[in-house]
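Shared between the two complexes below is chain A, which pairs with chain B and chain C, respectively.
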Partner chain A sequence: MTKFGRHDERSLIDLMTESSIRALEHAGATEKSVDAVYAASMLAGELNNQTAIASALVDQLALFPAAAERLENGPAAGASAIKNAYCGIACGMYDTVLVTGGEKMRHVRAETITDYVATMTNMEEEYVHGITLPSLAGMLARIYMERYGVTREDLSRVAVKNHLNGSKNPYAHIQQPISLEGIYGSPEAEVNNPVIAEPLRMYDCCPVTDGAASVLLCASEKAKEYTDTPISIAGIGHATDIMAVQDRKDPAVLEALRISAVQAFKMAKMTPQDMNLAELHDAFTILEIVESEDAGFFKKGTGHVALRDGVTSLGGKLPINMSGGLKARGHPVGATGVSQVVELVWQLRGEADKRQVKGARRAFSCNMGGFGNNVVSLVLERS
Partner chain B sequence: MSEDVESILAVDWDIPWKEYPPKLVLLPSGERMVIREARREEVPKLLQAIRPLLTVEKDFYDIVAARLYGEVLGWYRHRARNEFVLVGIVDGKLAGISNNRAVDQKTHVSLHTIALKRGARAGAHMFAAKQENSMENLGAEEILVTAESPIGFRRLISQWCEPRPGVQHELGGAKTWVITRDIYKKVKPQQVFGSRPVPDDLLKRSATFEIAPLDWVPRK
Partner chain C sequence: MVEDRLIGFKCKKCGAIAHSRRMVCSSCKGRDFEEYPLGDEGKVVTFTKLWAIPEGIEQLPLTLAIVEFDGNVRVTGQVLDEDIKTGDKVRPVWGNIRKIRGKEVQGFRFQRVS
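Right after this comes the complex of A and B.
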């Protein structure tokens, strides 16, 4: 993957090409053919004037005559691309597929990005009324505060944890640790951590990020041609839910995540308790807490208790977002799901250096499109 | 004719001046920033810190740096009347610079704020400190403000000021906003923070400063 951050001097295709080449070099595959290239990007055309991004990537990499297509599933584009690559290999059509997710967003005004991202919501019931993703997250946080006693301090603890993890990740957008006192509780926190969408503040929200990430998938029987430590995709789940949050049975439940996680664990013949770590989709701090429950790791309403007890920190029983998460590693939308898998592969191979989870063999990721209405879950295992 | 021309040209403070009492602010990282008034003899170092930013187009650093450079130099060479410069220092390193100028006892002009330590809310605290100095320490009734960068406008002007049309800001006649005493009183509880006195060890550590490498500035 590229370093996530602000890349004023580089184009989207530059970023995606760089991460692709790194992945191919890492796999020793630069002289080998690739059967297909799946490119994941939500806003390549709108923000970068590059539609047909998959074709552009094949062109840059000279990977002709590989099949090439772009997948768009909002912020779940990355994991969707990995899922489809898996399917392409599993059905026997391809032996190797390069998946690259990328986004370049920092050159656009924040208000414009917020608006584009808001187009993921229900047009008639949400978007036209001014709903944005931060506001949906704010409302979810408010429900959780009232129903389960989650506090602003809990939300701040997610941010502190993930910034600490990000500080150990050389690819993270933000590598600056923060302190609980600096963003919550001190008088200066009013300036340091301004309100974005009550009760969410600046440090409860992920940054806007440029970046790209790539993985090379291959058929199991060919894995040893590329690596001595193959990592298997043991389980995949993909589910949807009602788009407009207010129409869901319970707006505090991410049903699509629940179903997709069950599917993934079933396919992998594993349970949440078998996982050594997880990469969750913490576009907002409240989402890490909610997802940790709805993915099956903790009982509903207790995710924040596990956080407080250090269960989800490095050294805890289930470290979450060792990469820094979307919060600190960053969220270049189309790249996120792929970067989650990149992190987990590094962890499962023991290559995660200062943020390494000791003895990691099995890991989970969830990548959300929309506001929890389209979720792809993955279970990875070190073979 | 033998006249001391310098005594004709040189200006300083022609209204009552009091030194800004140093304060300590907590940054999001948990680091503590000492904000104090700069000393004239520190200006060559301040100019050295500003110089690399003169060609950084990102976030309008170039225009802010260029104008701040002239203002700080003007103060140093006694060609700027009633100007004060504040510095923010974190662990002995320069983190931010801000400056204002008093037109007269009643009206001050907000000049510039520059954060050398990015992503730490240093700029917000430096901006607040200079308005605190103008209003509370030096007794201004109003401060005329303008903005050059969109970030400066979004994060600072829009939180603090109201428009003051028909008044030309001395920074190139840009659009003018104003912080009145009433506005300051309303905004202060949400924007002006810090503790005094600064502990002796921190004050001593912040008596001088180093210039940290600006690792966020793109290399050419």
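Right after this comes the complex of A and C.
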């Protein structure tokens, strides 16, 4: 992957090409053929004036005549592309597929980005009223605070943990650790951490990020041609839910995430308890807590207790978002789902340096499109 | 649309009610609906005050809420009062809600019942 951050001087296709070359080099595959290229991006046409970006990517990489297509599934585009690459290989059509997700967003005004991203909410019931993703997260956070006793301090602790993790990740957008006092319960916190969507503040929200991430998938029997430590996709789940949050049975349950996780664990013949670490879609701090419950790791309403007890920190039973998560690694939307898998592959190979979860063999990721209504979950295993 | 009453839709097959106008019922896949008045008063289920507003909105901060009407029917919208809390009773009020690509969009907003 490229470093995530601000890349004013680079184009989106430039970032995606660099990331792809790094993945191909890492797999020793630069001289080998690739059957298909899946490019994941949510806003390449809207923000970068570039449509059909998969054709550009295959061109830049000179991978002709590989099949090439762009996958757009909101912020779940990355994991969706990995799922489709898996299906292409599993059905026997392809042996090797390159998946690259990328987004370049920082050059656009914040109001414009917020508005583009908000167009993935329900047009008539949400979007026209001024609903944005942060506002939905704010309303979910309030339900959680009033129903389960989650506090502003708990939310801030997610940010502190993920910033610490991000400080150990050279690819993260933000590599600066933060203190709890700096963002919560002090006079300077009022200045450092302004309200965005009450009760959520700036440090509860992921940054707007440029970057690209890539993985090379191949059929299991070919894996030894590329690496001595192959990582398998043991399980995949993909589920959807009613789009407007108001119309869901319980607005505080991410039902699509719950179902996709059940599917992924079932396919892998594993349980949440078998996982050594997880990468969750913490676009907002509250989401890490809710997802850790709905994915099956903790009982509903107790995710914040696990967080307080250090269960989700390095050294805990289930470290979450060792990469820094969307919070600190950053969230170039189309790249995010791919970058989660990149992190887990490094972790399962023991290559994650200072943020390494010791002896990790199995890991979970979930990548969310919309506000929880389109979710891809993956279970990875070191073979 | 009647401008002074908030209308929902009831599925003629299974009876599910939602504010959303749908072609296919999200509960039973039914295709026939009848209009269903949601009542004059709802209750705030959750809300946020939004300081990072999208294009086309001028009010800062913008208060947004999910409001529940009889029969557990929930509706999302702007609230005209700033100092609301969960459980407050609100009523729908018709007006301009935002601009989309420069064009004014109208719809219901909510006002606290004092």
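Heads up, the rule we're going with is that the second predicted complex is superposed on the first by the 383 of 383 C-alpha atoms of A that agree within 3 Å, B and C clash if a C-alpha of one lies under 4 Å from a C-alpha of the other, contacts with A are read in each partner's own complex, and residues count from 1 in each chain.
The working rule: a residue touches a chain if its C-beta (ideal position, glycine included) is under 8 Å from a C-beta of that chain, and two chains touch if they have at least 3 such contacts.
Computed from a prediction, not measured in an experiment: that's the story for all the values here.
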item	value
Chain A: partner with more touched residues, chain B or chain C	C
First, second, both or neither for A:V191, with chain B first and chain C second	first
Which superposed partner A:G350 touches (first chain B, second chain C, both, neither)	neither
First, second, both or neither for A:I242, with chain B first and chain C second	second
Partner chain in contact with A:V128 - chain B first, chain C second, else both or neither	second
Contacts of A:D115 with chain B and chain C, given as first, second, both or neither	second
Touched partner set for A:Q176, first chain B, second chain C, both or neither	first
Overlap of the chain B and chain C footprints on chain A, listed as residue numbers	none
Complex contact set, residues of chain A against chain C	110-112, 114-115, 118, 122, 124-126, 128-132, 134-135, 138-140, 142-143, 146, 194-200, 242, 244-247, 251
Sites on chain A touched by chain B in the complex	8-9, 109, 174, 176-179, 181-183, 186-188, 190-193, 203
Interface residues, chain C side, partner chain A - complex	18-21, 26, 45-57, 61-62, 64-66, 74-78, 86, 97-98, 100, 105, 107
Touch list for chain B against partner chain A, complex	25-31, 58, 119-121, 124-125, 128, 150, 190-191, 193-194, 218
